[in-house]
Amino acid sequence: MDTERFERGKKQLEMMSGAGVDAMLDNLEGIAPDLTRYTVEFPYGDVLGRPGLDLKSRQVATVAALTALGNAPVQLNAHISMALNVGCTREEIVETITQMAVYAGFPAALNGMAVAKDVFAARDRKGLR
Amino acid sequence: MDTERFERGKKQLEMMSGAGVDAMLDNLEGIAPDLTRYTVEFPYGDVLGRPGLDLKSRQVATVAALTALGNAPVQLNAHISMALNVGCTREEIVETITQMAVYAGFPAALNGMAVAKDVFAARDRKGLR
Amino acid sequence: MDTERFERGKKQLEMMSGAGVDAMLDNLEGIAPDLTRYTVEFPYGDVLGRPGLDLKSRQVATVAALTALGNAPVQLNAHISMALNVGCTREEIVETITQMAVYAGFPAALNGMAVAKDVFAARDRKGLR
Amino acid sequence: MDTERFERGKKQLEMMSGAGVDAMLDNLEGIAPDLTRYTVEFPYGDVLGRPGLDLKSRQVATVAALTALGNAPVQLNAHISMALNVGCTREEIVETITQMAVYAGFPAALNGMAVAKDVFAARDRKGLR
Amino acid sequence: MDTERFERGKKQLEMMSGAGVDAMLDNLEGIAPDLTRYTVEFPYGDVLGRPGLDLKSRQVATVAALTALGNAPVQLNAHISMALNVGCTREEIVETITQMAVYAGFPAALNGMAVAKDVFAARDRKGLR
Amino acid sequence: MDTERFERGKKQLEMMSGAGVDAMLDNLEGIAPDLTRYTVEFPYGDVLGRPGLDLKSRQVATVAALTALGNAPVQLNAHISMALNVGCTREEIVETITQMAVYAGFPAALNGMAVAKDVFAARDRKGLR
């Protein structure tokens, strides 16, 4: 196992999600431990901590892409929350999703916004910005 | 016709594309003048000039989404160029596209990068950054 | 605000949905009032009332596209209902969705048909055709 | 072989394409004769000749879906031509594609319109409406 | 009706699903009997029983494609189960889905794996391998 | 740099592609050396050499997914060739692509088959099976 990348990825993921990641890691670990490990190593260990693009912009990119693709609402939910954790404002999220009406159509934007609404409400309940 | 939105959109598009837009407007005007007009009015007149998200971040969002969708290389080409025009660095474009390997797969990222390579080469020939 | 387009869009949407649209407008208004407004202005105010294609055919086009894309069941539900409201028969909806098995595969068609089944059942309960 | 469905499909395809279909049938026959045969049997022999939705509406549905999916320009080209052959006007094609800006985004609509432009020009050269 | 293809398809489907198919056939039959019939005739009657590719590989192909497309979880669930019924191991399913992280992105793979987890749990409860 | 994964990936890629990979590696290296490196490390170094699914089945999965997605013909071309290199027959490729007509529609299958036709012709010229 590639301990260094995994540890780097785990730290990156914890920093972005604002919480311990054991629950997430446990979820699929029973049946697909290696996919779980790759998810920590490649996206978080290799890519999201790279220099050359600030983390806020990286989350704008991910929120845009997942809204446009429209078939991963669970991941969109998680990444909107991480975007807010790393410094994006709610307004920036709303603007990013609104803009997807242009590039992926109104249904994609409306469905992305419904996910954002859920995230904002959940964060309100927890007192998160 | 909605002159104010059209004029606002035309200015926004000219500012982002760094050139007169008549060629682009002429292209489909013969068969679909209203789609051409809507393209100026809604994306450029309504959305891309909105406050709440800076224009660099808006172009990161668009480059990310078009790379992820993978079926609009002509528009991706245009938006990479506009991203550079409004202040994104080539490195930021490369990072945005690289990140799409995570969210839309390696083929999408590699094909997006091939478009970026073309844009960069065309701009080198014109002495643009 | 572009009052004329908004009012035209609101009328078009009310005519097609067969009901007041305030509930729909309220839904995202708290977090994204402008996306809500654009949804009224551009699809309903600009596009769906255009001459050159009758409204029944427009709804066939939308039901076909949303079935083929397969990632917007909420909007497909709404547009099947609007299609019936503007004069499409249930048989025409079923045929449109069936045909998508050819162009987008059987899973897309079967999932679209499941949405149609829900719409038909809801309308049966309300005594709508 | 299912001669009846194949013959029915071949007639339907010839009627819609306005020409003998041997060239099309020959194209992939060398390597995939059965996919070629299925293409005649299922879409043309089973689906497109069904009652319950007129042929013009069927072609509006197909043009809408292929424009929205955005990854089959060759087939979109063929189906725009068939739409015109079975009675759609060029305006109806332009309206159908324009409407896809709403449901699949502007890039999809603009790329679909570029295909329509090619079809219209080719038909102008042949003196077809 | 094309009795021979339907009967062949029904047998193929029963063999793959390990159960009578009447429930499945009944589901949409009320509103779309012909789509139901086509689903038996074309995928099961024509394609999945073809020689030239063994049935295990066919199910690997389907699981891969539905995971990558990401918008048909109900069908992915059914095809993972059929894959196991025709001889694929759970490990082969997990590997196929893991591999889709490369070609369609991590969200697609993670969502496909969540479906597999459900299938495995349901089969554990029934004592199926 | 993660030398071990890169070297393992390079060997895997060379084995599958039947040639030195320097040309491929050079292609994007000028502008995106890290995406190139990741492409060697993650797909080839981590995933494709895994036990639990034989390499022929892995290539069936990839050919199926890329045919279904329909927006990566360059990668589909490369993976059909690699599939043949690792032991798939041309018939198995044709069957895999034909089957995608069921799950992603006829246009996706026909476009995938056109790519296969090109690959087969190129290999005929080189005397490859």
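Per-chain residue numbering starts at 1, and chain names A, B, C, D, E and F are given in the order in which the chains are listed.
By definition in this document, a contact is a pair of C-beta atoms (placed from the backbone, for glycine too) under 8 Å apart; a residue touches a chain by one contact, two chains touch by 3 or more.
Computed from a predicted structure; not experimentally measured.
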Fewest touching-chain hops separating subunit A from subunit D: 1
Touching subunit C and also subunit D, the following chains: A, B, E, F
Chain pair with the higher count of C-beta pairs in contact (A-E, B-E): A-E
Equivalent interface positions on subunit E and subunit F, same or different at half: same
Rounded Å distance, subunit A centre to subunit F centre (Cα mean): 29
Inter-chain centre distance, subunit C versus subunit E - centres from mean C-alpha coordinates, in Å: 30
Whole-Å gap separating subunit A and subunit B, where each centre is the average of the chain's CA atoms: 24
Set of subunit A residues in contact with two or more other chains: 34, 38, 42-43, 47, 50, 66, 68-71, 75, 94, 98, 100-104, 106-108
Residues on subunit B engaged by subunit C in the complex (per definition of touch): 2, 5, 34, 38, 42, 46-47, 50
Subunit E-touching residues of subunit B, taken from the complex the two chains share: 68, 100-108
Residues of subunit B defined as touching subunit F within the complex: 69-71, 90, 94, 97-98, 101, 106-111, 113-114, 116-117, 120
Interface residues, subunit E side, partner subunit F - complex: 42-43, 47-48, 50, 52-53, 56-58, 60-69, 75, 91-92, 94-96, 98-104
Residue ranges of subunit F in contact with subunit B within the complex: 28, 30-32, 34-35, 38-39, 42-43, 66, 69-72, 74-75
